[in-house]
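One chain, chain A, links the two complexes that follow: it is found with chain B in the first and with chain C in the second.
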Partner chain A sequence: RSCLGLTPALTARRLSKSRKAPKSHYITVRQRQPLLMFFSHEKVNPEHLALLLKSEWKLSYVTPLYQFRHTQLKSYSRQLSAFIAAEKQQGFAVEVDGSQSNFRVSFSVVQGMTETEDDAETVLIQVRAGFLRPISEAQRSVWSGWLTCVNGNSDYLCSLPKDFICLPLFGSSGSEVLTTLVQSWFQKMFDCCFGPLEMNNTCLQWLAALWTNCHPESSIQHLKMIWTLPVVPPLQITYTVNPKDAWKLWSSVRKDPCEENKEEEGVSIDIEDVMRFMQGLKSHFYRHFRLDLSAGCLKQVSTALGSATFSGRVKISNSQYILSTLTLLTECALFKMPV
Partner chain B sequence: MAAKLNVSESSESDSPNLSNLSACSRTGSRSLRVAEKERRKNGAEEPFVLALKYFSNVEAGTPVIGNDEFERNMVLVEQVAYFKGLSPEAISVMLEFAMSSRMGTNPCVRVLKCLIPTTMVPQEAVVRGVAWLGVGKIPISSQVLFIKWVLTIFDMIDAKDQLRAIYGFIFSFVTEESLCPFICHLLYLLTRKESDIEHKMYLLFPQGRQPFLSHLLSLYKVLCPELVTLSIPSRMRSGFRNHNSPWKSALIAVQKSNGSQTDSSTSLPLTIKEKTSLRKRKHKHLELPVLSSQVNKQPQTEPFTSRKVVPLAQLHSLSQLLENMHCIELPAQMGSLLGSSLALQYLDCVQDESALLRLNFWLGYALNEEFFFCGDGGGSQTSEEALQFLDKLLSSQQFLQEGFSSTEAFLYKFLSVWDGSLFRPQILSLLSNIPVVPNSQIGQLLFEPLMQLFFTSSLFFRCGLMECLNNMLLKWLTWHSVYALEDDLDISLNSHTSINMTLSGFKDSVMELIHFAGRLGSVGLQLEGCHSLLLSFILDFYETVCDTFLKYGLPLVVMPPPGVFYPALFAPDPVSVDRLVNIMYRYKVNLTSAKSKEKQAFHISRQTFREFNHYIVVMVNCLWNSKMFQPDMGIQLGEELLLKSNIPEYWASFDLVHHPAFLSYAVDFHQRVSADHLDGHDLCLHSKPWTWYLEFLNSQGYDGTGFSLFPSFKNNASYTEYGQHLCFISAMLQNGFQG
Partner chain C sequence: MDESIKRTMQRLVRRIPNQLLKPTLDKWGRLTAAQKQSLDFTQPKWALTERLLALCEENEWTAKHIIELEMIYVIDNPNQGMWYAFQLMDPEDDAASVELAQFKEQFKSHLRELVKHVSVKIKKHTDEAVWIRIAWGDGFTRPNHLKPTYVVHHLQTPYVFVSSLTSKQKPLLSQALVLSTRYNVIKDANLSGRKLTAIRDLLMRQYQQVFPTKFPSPLTEKNETVSNPCIEKEQSGAAANRLQMACEAFGDGELPQLQSAVYKLETKFKDPTNKTMTEQEEPFKCVIKFASTNLLESLKQCATSGIASTPVTPLLSSIPLKGRNYFVITDNGPGPTTQMHTSQK
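Then we have the complex of A and B:
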């Protein structure tokens, strides 16, 4: 009778992970990313890629979708359009003639965004307005969003029953109302839950280090970090580092990368490297301003390659590193999974 | 029909409508009373209340033209309506006034145009308005305006059941040419599958093929495809048009101004939504989803398998559930099950892994969002919501007699950040429901955080935690005793459950738990100065522990630590001492029975027997034999120290007569006996006072100390000594009385 439990695999994951520092496990997985995960542009539809790079995304985590099928996207498009129309018209009588309030939803698969076999294909959702007008510019996109899973923890993904598709990372850009509508439709259709994905300090520090690490290949222009310090009145500090200095500091804290290169393919980045890097930045700041940033909270990191905020807004500007960034974000989202 | 209803104006009329009308004026006056109360709070509202009073009381036939009073009141109502909208009561009063045409038909349009609701529209008012349509003295244009108004505010009507009940009545207006488009629209909004469509269909056909009719027909076709055979274009260019023009801008303005002032509870969609959603969304995760049937149907691959399914939402009783057991469809959102015991019953039966996982995802999400991710802590309202949520969760778990795995995962995380007081009863109850934790993780997941909390919290937390551990142990033991029957003892306990645990693994976990509770108990008693409340909870725990073998079939006997045993033995209250004796007796029974079939059962370590024997010797020597502080007893005090204390016969100071817990009983006993015998010496000479005393204790409810459990001690050779002890007491008492 005691079947209200989960499969042993899930139990194991939960027990082993819930207490550990979230990142320790990831390091080994991410080790080779910055070099290996060059994006093969042929694989991905350039339109989709351009869309992904164009806007800033508000991130959420999503629990696994129940009975989501990549083959049913057409019907989902229809149903979501109808759902949005119905919700929009609530409060006023049925409005069929008004053309401006009509939304057309399209679901599409973004091929080639997966890294492992367990990753489900990324799904892109676009909402366009002006559905009765001729298909032209009038069909402006008013909202877009995507669900993705890049390099998800395979133990976790495999432990889910077949009925579930795990696309834990949800990004949206567009009006909040539409985001809420789309989310509530997903909740009703696939019995999943959406929660805001804020990026903790560790995650932002990782991003800062990863981006800095890319500097020799593509310039980061600047490394800008925004910190807040818990004093009265609250103090916000914008800390901008010259890219060359950042790179110098980064290479100095790295454990002799050449040596490692010989031993194994690719470059590995360790959480300790990241911490040393941040410590270097902080102590430099302390020497100049007598302010210890460790007491504060990292709120935002931005470089020419992308930017990320504590509240979970992310912009990825460079297609080369999109997968490594998404891998990190997928990990953060998976870490938020309740079970 | 119209003529008959016409007379209902006059109060003397005996038409059936009279009662209705008076009911209305009663509601009117009730609303006024409510308004009056408001007025007392807020003097500025007074003229508006008076205006409403005027409209509800104005006599039929009062002229409008040149009526300054009417004009003044009307302007007032209009001002309020356009500025902040009308309350539900005001809507009722004004609508009734307009539709009854008490002052002729002229004001009707004017009133209808200013009926801007603030929050919602009472259904009764709308139903009464529709009823007035039947009277037929309102001009058609006003009737049209009224239906347009109903269409505009349709989503703000508080309920629609009564409107649906008069579906047929509304339908009868379809024949009215100019009303027809609007009536069709209203019907379109009201139609349900249950509506008596079949009947209506024949009336509709002669009406022609206007777009509004085909729209209604298309809906009928969806609901009853077998009845409508005419082909309807799949996409109709235009259907019902919006008729909200007279009110739209005013409605939006009112909603906006209200939205910025207060957070109206019934959110008006579209406009206010954006404002309130921020606040609301934050706590939305605690709302149970509505129990609704599945939207995302699996594509039917084989057409012939289209068997009938019954959504859980449509079942209302257990018998219905049983009848449809084979074809029940799970709801779209499993979280909705938490609110319904019927659904939980079904869930308990089907044991569908995916369904459980869905429920767990939702539950874990809600708990995480509430307690971890919602950083702001929330106000009192939040904690009220959270409390209700936890209570609902608890009652569901109690109903299933099992904890959800997401709750378990949540608790492990939560314990490390818990302050020990937030929702203490709920969290501890949830904790007592967790399934067996593997031995290797139990320390890290449970004991470390609990230990910290235990040492830093109040007595009540400590008692609560002991109770929680006791319940946890009980659940684990019950779980074991159920499965041990199904499977052989030495193979892994049931392979079909979540936790694949061998018997020895299970035993280790239970042992860890008992040792942990023992450690907490010992330290807790020291910290609290052997508080009897805490002691009582600890003894509760050991009452479970001492019977693990016989009652739950688990081959395990763990003795209490000295830190628990001695405080209980020397406790100042007789109940604790008596319970300790009972517990030791149960230990004895368990050990004896384990030993008698030791070959099949299990091996008990010598250490356990040694501990048990030691405790028994101490207990017997102390309580019955008056041989405290003997060298072999474990409690050793220097001879000279004891002599220095000047306690006469210190070796007897904790026997059943002198034990602080029982002294009062000894006194009581003595008084009763000496009343019978008059002379205390009689008692001392009597051969069996000790037996009498024990029987007396037994009669007082102390069956442990009263020897009924350890009858072997009854024949103790030294019981004559007790006669002397009792003599001592009698002497002491007599002295006391004389002195």
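Then we have the complex of A and C:
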């Protein structure tokens, strides 16, 4: 069953050439801007938020879920617990500190992690393990994961048939075996498929620029980028820029802000700005080492606000910018999804 | 048996890989033929350790014996841990005539003057290197044999290589070294790596260097169908040229294995397309770290493959040329200049 057949919005599924500058969203407290007050992210459960910020997440994309209901989470919790138990009985190596542990799954909704009306609410899944029954809340969490959609392309979302829920970005943290089990349960239940979300050059460069753009409000401490060059043995180059200088370079490559109409939309950032920023960094490097970084592959970007790797591992360290980061990642996931 | 001896022995045996255990023990020569026979080297490590501890008790080995064994192992396997190079400067007139016996005695007595509890063991290796093992204590504690500092010095050269030295111990060691080698100053040589042999070879220029002379092209022409002989010829000429320049910059044959090089750049940002940044007075601050399992080989390949433009920039060729892998780069010349002048602090 192709859930994407004849969707007019397919052409819209590409990385934006321009996006809004990350505004700090104080998502755990009341929005400061009255305009946005009625407009989602009123309040995210601080516990959920802390969990999202605590771990590094391995990302995947997920195709739209067929007949997924946010009202059925209790039942899903039971079913997934049972599924894991059954797989374990069949000898699936679900070993977490001794083989005798029981697993309990809980699904919950993370209210407020959305930007538009079309975004489906984020779903958080936690797996706890313990030796005794019943497993209490306090028992050790051995795996967590979430499915989200922040600022998903509305043309695309609206073009989906009614029975599909699109939560294209999946993050997981914990035992790989459990990740595989959770994914195969989703595949069976909701007829979807998962795939690794690699973060290409463009995506990592966007993150570098978006984070640097936040510097005046929230210090990035450093802008660190890691490239590898295809020689034998491989050469790894770590380029760490002083935060102030990164910001200076960033502001110098931005379009003249006066030209822009500053509506409630906020300041927008263009892919050209990002490219000029990276070009500036590369040319400064070239001037010293006569070595072309474009010949290599950007593997990692990190600042105090977060880090992301080529292999699709992401850590978001600052709650204020979580939504803009997730917007970009949602876009990447939609882009990566097979048609 | 003393608990600390037991622990030192345990740690040491754990450190030595299984296949090296037998030759190291043989070289040490403290086991009787019968005891040697009783050791089964196919056994797992923990069982061997137990057996050696029993022998330790039986033979009444002291800390001295264990240190001997440790030094044999470390001297034979010097490419472990992180080594830092130091350079002695400003020699006294008699610096060139310092002999091993004199150095040994002087070093020990100077260090003991500075630190109350210290255990120093000095051993000369076949390649003229003097190996010094220092276990540090202080006014109240006995020397800690679990965290010894190793120092390697080639007499009559200004180079000293040190591993596992804390910042607290550094001035003490520096003073003892300066006094016993008859130099006046010791400074950081800005070179470090995991392979002692590599950083020694770099500093002492013990690797195959290539000098800028014309030499026959190493590229052998293959008998492929040549689409355009002129282009082919020009390209192979350029490739040979790149290879020559890469060899001149980094050397030929097997290159000393360095793991990293770090450049702290505090230079002006100059880019004709970016007026705002170019007009900035302040330098653009960043740190660049190159890392590889064999850095010089990787850099050389960058130059031969064309990823790095040739001739190789002095910043990169300074690694082998100056025997350094840590640099602070600042702008030298005042005012705008078309060429980049850099100074290396």
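The rule is short, and it goes like this: the second predicted complex is superposed on the first by the 275 of 339 C-alpha atoms of A that agree within 3 Å, B and C clash if a C-alpha of one lies under 4 Å from a C-alpha of the other, contacts with A are read in each partner's own complex, and residues count from 1 in each chain.
Rule of thumb we're sticking to: a contact is a pair of C-beta atoms (placed from the backbone, for glycine too) under 8 Å apart; a residue touches a chain by one contact, two chains touch by 3 or more.
Note that the structure is predicted; figures quoted are calculated from it, not measured.
In the superposition on chain A, A:Y239 makes contact with chain C only, while chain B stays out of contact range. In the superposition on chain A, contact of A:E272 is made with neither chain B nor chain C. By the document's definition of touching, neither partner reaches A:E47: not chain B, not chain C. By the touch criterion stated above, A:E176 is placed in contact with chain B alone, chain C being left untouched.
After overlaying the two complexes on the shared chain, residue contacts for A:V253 are found with chain C alone; chain B is out of touch.
Touch criterion met: A:R290 reaches chain C, while chain B stays clear of it. Look at A:E217: by the touch rule set out above, it reaches neither chain B nor chain C.
Residues of chain A that touch chain C in their complex: 229-242, 245, 248-249, 251-253, 280, 283-285, 287-292, 295-296. If you check the complex, the residues on chain C that touch chain A are 263, 265, 267, 269-271, 274, 276-277, 280, 282, 284-295, 297-299, 301-302, 305, 307-309, 312-313, 315-316, 329, 340, 342. Residues of chain B that touch chain A in their complex: 151-152, 154-156, 185, 188-189, 236, 238-244, 248, 268-271, 273-274, 277, 281, 285, 289, 292, 295-296, 298-299, 332-335, 351, 353-354, 356-358, 360-369, 373, 400, 402-406, 409-410, 412-413, 416, 435, 438, 441, 444-445, 479, 482-483, 494, 496-500. The residues of chain A lying in touch with chain B in their complex are 1-8, 10-11, 14-15, 18-19, 63-64, 66-67, 69, 72, 79, 87-88, 90-98, 160-161, 163-164, 176-177, 180, 187-193, 195-196, 198, 336-339.
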